[in-house]
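Reading through the structure tokens given below for one structure.
Each chain gets a letter, A, B, C and D, in the order it is written, and its residues are counted from 1.
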Amino acid sequence: MTKGRLEAFSDGVIAILITIMVLELKVPHSGDLQALRALVPVFLTYVLSYVFLGIYWNNHHHLLHAAERVNGKILWANLHLLFWLSLVPFVTGWMGENHFDPLPTAVYGIVLLFAGVAYLILQKAIVAHQGPTSKIAAALGNDVKGPLSALLYALAIPLAFVREWISDGIYVLIALMWLVPDKRIESRIEG
Amino acid sequence: MTKGRLEAFSDGVIAILITIMVLELKVPHSGDLQALRALVPVFLTYVLSYVFLGIYWNNHHHLLHAAERVNGKILWANLHLLFWLSLVPFVTGWMGENHFDPLPTAVYGIVLLFAGVAYLILQKAIVAHQGPTSKIAAALGNDVKGPLSALLYALAIPLAFVREWISDGIYVLIALMWLVPDKRIESRIEG
Amino acid sequence: MTKGRLEAFSDGVIAILITIMVLELKVPHSGDLQALRALVPVFLTYVLSYVFLGIYWNNHHHLLHAAERVNGKILWANLHLLFWLSLVPFVTGWMGENHFDPLPTAVYGIVLLFAGVAYLILQKAIVAHQGPTSKIAAALGNDVKGPLSALLYALAIPLAFVREWISDGIYVLIALMWLVPDKRIESRIEG
Amino acid sequence: MTKGRLEAFSDGVIAILITIMVLELKVPHSGDLQALRALVPVFLTYVLSYVFLGIYWNNHHHLLHAAERVNGKILWANLHLLFWLSLVPFVTGWMGENHFDPLPTAVYGIVLLFAGVAYLILQKAIVAHQGPTSKIAAALGNDVKGPLSALLYALAIPLAFVREWISDGIYVLIALMWLVPDKRIESRIEG
């Protein structure tokens, strides 16, 4: 089975999610500075979620590039990942609309945690299908960032009810950690 | 005629439908648990419809993979299928918004029934174009799931007015039945 | 220059337009039959516009399939066509929302007329680039449906202010006329 | 790394942005001429933004066509460009909704300025990766339009608070300047 449509479909979904999030930036009915200032929290959560979706697209790109074949299990693992990503615009809007209230901040972390776990499952399904001696299995052998992110999300979720800004700080930290593209795969493939 | 654009276009439409459904999860203006709880029925119908669209994408993937050529009739059979799928976000939103009222539940079944029939028509058009001795004709020779689903939908639609949860149960049952990817085609192609 | 991205971009835009039109089918807050009945005119215009966009996608598919090369002029002629098509959801919603009032009905025709003219311009730009001895130039030699549609639209627009249903009838007529895929190109290419 | 997915993803995002902008053309609840007239400023900004996004798509097409390889830096430079373009529907709606008030007009220029700078960064990243002796480096050697546009935007932004129509005039001027596709690359590649 070819991976072309899997990539095209995922590209489509992520592209739409990114642009649909912008719709939460509701056009104000007045043209003054105050109207713009009211949008600042929504804008900030938009930037954060844009970076997260950009990271997912980027890593997805690297991961699928390394895969040579796909099977039914991989198709569903991918749809499962896209399901959690599809909830990102909702939690982004909810967090922005309510000025980083504890509950929306925690739910934001929950959705990102599930998305992270779904990515790990997809990664595992792809490695399993390529075989233990494949390039990708070797490249991903010591995956630290994935489980570490999951751990950090699990920390950030309850902390949202203590001090909401701690959770936000953790989310930003995770984003920064991932902003560096996955050198492991890239170098192995090219080398 | 190449099938590339047919696949790309269908991928695009299904990807957008999936993400547009999320827009029915309206961002609440308050950040408490009650606001979230009010969204539970909308969320549940979203999950169900996401699974259905995922199944269609998956099977469409397998079906088109098996097709070698397309013609004008196949293009229109495909557009016909996409038409019924395009109504899924509407019926999903309607069913979720009205807490599984009888009429929206029945209309949900009607749209899925027509989508199922449209899929059978597309399948037939593809088989006819590849010829009776093609791999796909052999693979689909004893299609049971398709007609069985149609029958179950036809049952679920009137039952929505008797006990609404029976219809929901049938929808979930059909989804579970299809969650297994179409092994027939997959094995024949690869074998 | 390759035509791949031109096709992919057009597929994307048309796929999104089709699905965005569905958003005009606003989810009613009640689950009874009356709520559904109020949506009938919006639904009917949706079906009509879906068929029109399907026709454009289909013919665009045939036209680009016949093109071997594209240039800057073709890219812009294509963007010009997509511009008019992008207004279809708006006029569809306007006509449906106002139960086929004269003005929305006329504006619907104006947008479709401009889209039709834009298609003729694109066709001309493609033929010019492939050369007068190309297959496509021969296949399109006696294009009757294009100019005839333009003429019919030009008739339907003022007639909307006389009897609105005459214009609707003309729109349906044009759609039926085009539902047959462009056999000229198809047969020439395959023959 | 292949550039296919980068192109497909960018096509998807730009296609969606173009069509999402149309949603700002809210369907009026009455079918008379006054309702249509009220939409004129929104429509005009839509046309302007459509042309800008069309220009970006066109030039992006040329630029990526000239690129042979991509790396992680290019992926992120591209996502950065798409981020600024993703704000175009918002500023378009804001400017149109408020009849070209000074602040929305200035913010429109700011977003386009950042998009222009992001394009220059992407261009630089691509040239750096192809090497100084590549065709694209030679073709882009004397890029005048890019920096000139940035300068004009920087002028238009403060001028919006003096005479708003001067800024609009500058935006239209920049659009016209770019409407001509980038002959430099096109001729070098083909020659």
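To be clear about the criterion, contacts are C-beta pairs under 8 Å (C-beta built on N, C-alpha and C of every residue); 3 or more make two chains touch, one makes a residue touch a chain.
Keep in mind it's a predicted model, so treat the numbers as computed, not measured.
Is the contact between copies chain A and chain D built from the same residues on both sides or from different ones, judged by whether over half of the numbers are shared?
Because under half of the interface numbers appear in both copies, chain D and chain A meet with different residues.
Among all chains, whose Cα centre is located farthest from the one for chain C?
Chain centre farthest from chain C's centre: A.
For chain A versus chain D, what separation do you get between their C-alpha means, in angstrom?
The computed centroid separation for chain A versus chain D comes out at 26 Å.
How many angstrom lie between the centres of chain B and chain D, each centre taken as the mean Cα position?
37
Considering chain B alone, which of its residues make contact with at least two other chains?
8, 12, 16, 20, 23
Using the touch definition from the top, list the residues of chain A that touch chain D in their complex.
7-8, 11-12, 14-16, 18-20, 22-23, 25, 27-33, 36, 47, 50, 54, 57-58, 61, 65, 179, 181, 186, 189-190
Which residues, counting only chain A, touch chain B once they are in their complex?
1-2, 5, 8-9, 12-13, 16-17, 20, 23-24, 71-72, 75-76, 79, 82-83, 86-87, 89-90, 93-94, 97-98, 101-104, 107
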